[in-house]
């Protein structure tokens, strides 16, 4: 029910969207201030809304949840003073709102009062059996307050027979299918968990006497924390002043399947995954792409900003000069309230402009990170041709995106994905460009460090959006009629 | 947990405060618009916040809850359009906020999704065993989202084994002790209930094809509805398009004990209770008071606005001219955000001014509805004397308020009630007035229409705030150490 | 030009509206705080917007102007801290906005920087030759920033050849025709002026070492200041720390003509004019009305709140019981942003409700202060009859309002005034009431203390709205085609 | 006077700041919508506030001025509907607010009503004799409403004896010293003017039947207009439906001196100046810099985003790989309301993060556009070293900024400019970097296309910020004690 303050999206961003960033701190004075900064550094993982819960030994749990950017809400002295204490967790989210828009009560962290005290949890990922769990819980008398699947976890915890909160969380997460990284807190503990496949990231950092959990390392940097290690797939860490960091592995061990798209697009280029900066991985994707799909041209231009590292790599490898052929307007926000007709129709021109004098008469290679619906690619191509380019060659730093993600990424329905209905050739014709090439799946695996490419028997990553091979069956979606790829 | 947007109360209003007004409509197009108007007419029963839930066959349940006056929120086209459908209920509340202030999630109506569909409820009253119920429910795995006792009802309903919502509500309310009038809704039914004692009011009205439930009749008037009858103590009505108004009596029958303070102060003077306008009852209290406590004087002046009808009655009976010796500023609101020191210290002078030229040299009878802490009475007396009055005589239209209410009224702790610690003589001395007289309890009963006065064996009303005789044991409070009046 | 934030007026208030209240303080720490309180007490003289200018020896002039109530803007610590210093003036206004609505730059006080320093002025009244002055000033190169006629004064001051600001103000005001009370300030002086006829009020008060100027005495009371005297018609007072209160009479002396409608409606009942409280004058109007226009009835009821004192007077004189037959909703504000259709159509029912149980079967005398368009009277009559009254008799505490005011009061165009087009009998028929009577002009003069009634040769008051005799020719309006009453 | 809503600047941006962008449209339906888009594209020239004035034959002039970004204000349907008509101009500004902060009435366009009709003007630049003009105008009776120097122009126009507005503007601008580009409008004309030196840019564009004036060509692109030509130094164009584009040269001809810093930093890289894209010029500056100041290193990294084109050029020329060593947070806004202590202390870390894994152990060349106070450079160097860089070499794409600009750019006082008090060597030591080199003045001239370098006798550009040679004597500043560079 309900639709308060539905944010408007006049533009088709035409990107896959990570749904969440999570961050937690224990052992630092005014922990919520650190959480606010961490969430600011993770804002690219969710721009719609954010929330922080803190705990103070005297003042108990406090919570603030807001629509809008972290910097517009969680920077105010007067608001941050309502979040006292040395223990806090936070969450930024991209709305997965359906027809009825977003409500503040869908904003995490979620909080529950149990007989042994309160707990708050923040969840990054997606529960693929949430519908079934929700039905079961309502049948037993639970009252859901949000439309968010993540709320299942707190209700499962409320009904667990375990006598402490970390064990209740283990109980709950064992019932949950899908992908999840979780940061949670009790009155005295900060808890971090990754699902057995380790689909979504979670890292551990240290700052003075305090400990930090974060979706990415870039958020450790902003508060000056040291990167300690990644939380392992299937690991639960419970951190407290008394016992420090305790590690458990409550789930059955499995071959990890980290989301390969975190490398391609979601993570920030200055974050470190698997010991290497995401920037370097993307640069290497550009290098592989130049090897796989060379073309004669005058300039290599990125589609800003996400195509930039791969474009630099392509330029290095090919020797064709790198140039900024498309300029981004720095003052572009995402949301408009009751925009004028004209604004609604502007689309990508509000954000991007072609460097006309540079492009005119040139053969241009455009490097983008991915093609989703193809609508933006088409508009950009038109802008480039209007500016007088002689040839336009698209090079895409990921394989064709042909399957939706069910593990915490917002993707269009399958039929709206350009690559689900067209071959590479058809796409080139549809976009009306001189050439269009995607990196191969093996090329992508090589770029992320798998010298031997993809292990088709047992892939090293989750690449379902490219391959259609889902490591966890999306049971709710199958119930609704989603058809898996036919076995070959 | 939490403290979002705590409204400031720089003034001690020094009045008992009704905690809620409730209103519901079924069978009228855009029912929420009617609910908004009804709540506006019931605003005196709760000024802090308001909420409306509506149901539309196609769009399902929708809800808006807001801090502030109804007229500042629920009058906007754009907001009301988010509340479509022919069935809606609403609630206005006075915050009973503890140390941590009010949160929007404490604002009713509360909503719960059950396996047979959703239900929303709005509650006026107070549950005297809420703490015990909450403990039990949490122990079993319910997660409370608010600090409000009323949320117990929806959780009890969620756990009921009954197969339809009205029966689940009966189940739930049988577990609840205290005073309650409830307006609730399912997808197709509007439900009204009063507790067996009928402490809080609830009336039924009709408008065209539609039915209306309201705390008071004045809210029927504003939408042009006809007053049908009061819901009876212990009655549940279930109203639907298909079956019309169905009446049940799910509780054990008891001698009704309607709140006598509704006559004295809470209800609006243009509402009708027991077939007579509240204005007339208050006028009659003034008449009784003039008989019981006559005094020679030049003017009878009300303490505006609640003392006005009794002052007119006193003037009629005594023959002493009625005059407006104290003028109220029409532009006074209740809340200030971060007010200046000076504003904080102004108190009653921001609201009231003495008619100096009129009062000078006169013997003045001031008629007020009640004395709670006595702080306002003291300030008003000083203003009157500053203006040059020769004598000041207080006449109070209720007996001394010596006991807190536990049935839905916000009263100070017992030790802060002036009458709990002082005799009438001590109060007169404390206030330093020439005379001070309260109406007797019997006089009050006569004024409300009980010619024989109070039936001490089996009082016709709940008058616990005057008598200390609580018709329902306040079990949570007793657990916390509250001492009942010693048996005499 | 321009239309920012036009406040909506869904209701026809159907009252004449005073356009301004003014207030100034010198010699008190944080003078602006006192001005804010004074303006709050004068809010009935202008509800649309308010402004305060203060001066601090170190921080110079500061100014804040806001739409909305004083209590919603000028109570905040953070805002009031931007208005430091021991000298401040303020203004509340009712918008006289034309087709294009109100702009913040029309909100007074106006400020001008001259070669000898800055000055701010706040004006209550209306300049009847403003159009001609504005044309002349623009022709000479002045740039007007507002649509307000009052801005002429500051431009005339800017062009004066005098070497100090008070003398420049004298220069300016000698060019101005019409009615004005002015409160102004320089860096070291507080200045008050009334036009030679003294149409609009202005009083002097004292508080400790400080001096106060105010439209009415009720605003002295709120800050605890003592009423010293009225500023005389044609008087200018210049108040400074060094010289105290200096009085001048810069204009040619004339027979004063104070606005008689200040007694009838504009001023607050607790203000003192001519040594008597406005309340008592209105009470006396009721007494005269009962003598002039008696009728047999069961109840005398005021139309709240402005008819109340006259209704009490009518009841006293006639012996017919006084009762509150109409109840006002306390939670009614004036402005709605994009209201629903229903709200727009509610009109007076949002504000008033009939005390049905009291009125039923009764013969009711309704006492109102005035009839302007007659729309409200008609609706109230219908409400009373709907409630079952047997007879409805209107008694009006002023003569028929047949002429517009050009001296600072917002009146409809002449043809919209009911009394401009109908006789008393026709009005009675139009309103469809059992009887309708207005007080006579002589009766009104007697009630305000002129035992001999109106001196037709040389009236003691400005009563142009009743008599059509304008003490100052409204030259701008005549230029636009307004026709004066034909000489008799 | 006054300080309403002072925007907070918790960060020292440590950049010179262009003060304004201007844009005007005639002959297009709903011209204000195009102006809004144009201002959005010019937002980099002024982020503090923006305003639009439009004119409609029936509805006259309308105006909206707002603090904040264009995209947050001028995108709303409801607001844009208040700006109807086929003729509109707009302005974005960076506040030059003094101690007391910014007020909405300092926001342009300014409007004046003259006897022959109204006019609005928007000004980019700075009037160097504004103080003297203001004194003179006040002495004669003008009243200034803003603290902005630009208001002088409209007052001079009001006092001109010419009989039409373009001639009045010529009159006014002949009295004005300094640098200015002006876009103005009457009821039927769009007017554009550049000062005789042509210090600030202004270009003419065409869209269908309409004409456009804009500070830069990038704002023509966003609305799809064709670039026609630059307005020439000293030229005034008057554009009307009847006469099309009429050109005048009202000023004495002089050698043009366009601001060379527009090439270095102010203009957007996708704008075209003198037939070449600003991006290419900056790229060429990088090339020159690589020739003038080579160094052995592993990576060339830009300080984002303004150093990017020069860094690419440096990389191309030097052959050292280009890489993004510093990553910008996309979600960084500029203003914070009452920020927490921690936020205030974060400085550049809220905006930038080092790509640690990439930088570690490397010799890094950092290319920045300029060094102003040096505070940011210092912080960036520390971040780079913290991340483990082996060497840090700064290369600056402009000569040392040693003199303040008085022609419309916000510069710190001279003593705060690092280059005003230190030699290049001292700066290197102060910043503690391995090397620091600025491009030479001649190198810069070569890069902008002057193959022969700077003509010292008669420089082709205004380069006062580097050379101290001011083409127009800053008379107000000299009066305040500013000392010009001693003649050599």
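Which chain is which? They are A, B, C and D, in the order written, and residues in each are numbered from 1.
The working rule: a contact is a pair of C-beta atoms (placed from the backbone, for glycine too) under 8 Å apart; a residue touches a chain by one contact, two chains touch by 3 or more.
Since the structure is predicted, the reported quantities are computational estimates derived from the model, not experimental observations.
For A-B, the matching interface among the pairs A-D, B-C or C-D, defined by over half of the contact pairs being the same residue numbers, is C-D. Centroid to centroid, with C-alpha atoms defining each point, chain C and chain D lie 50 Å apart.
Per-chain Cα centroids separate chain A from chain D by 37 Å. A separation of 62 Å divides the Cα centre of chain A from that of chain C. Contact with two or more other chains is made by no residue of chain B.
Contacts between chains close into a ring here, every chain touching precisely two others. Note for the complex: chain D touches chain A at residues 30, 33, 36-37, 40-41, 43-44, 47, 69-72, 75-78, 80, 218, 221-222, 268-270, 272, 275-277, 279-280, 283, 305, 308-309, 312, 316, 321-324, 327, 329-333, 336-343, 346, 349-350, 353-358. Within the complex, the chain B residues that touch chain A are 1-4, 53, 60-64, 82, 100, 104-105, 111-115, 118, 135, 138-145, 154-155, 158-159.
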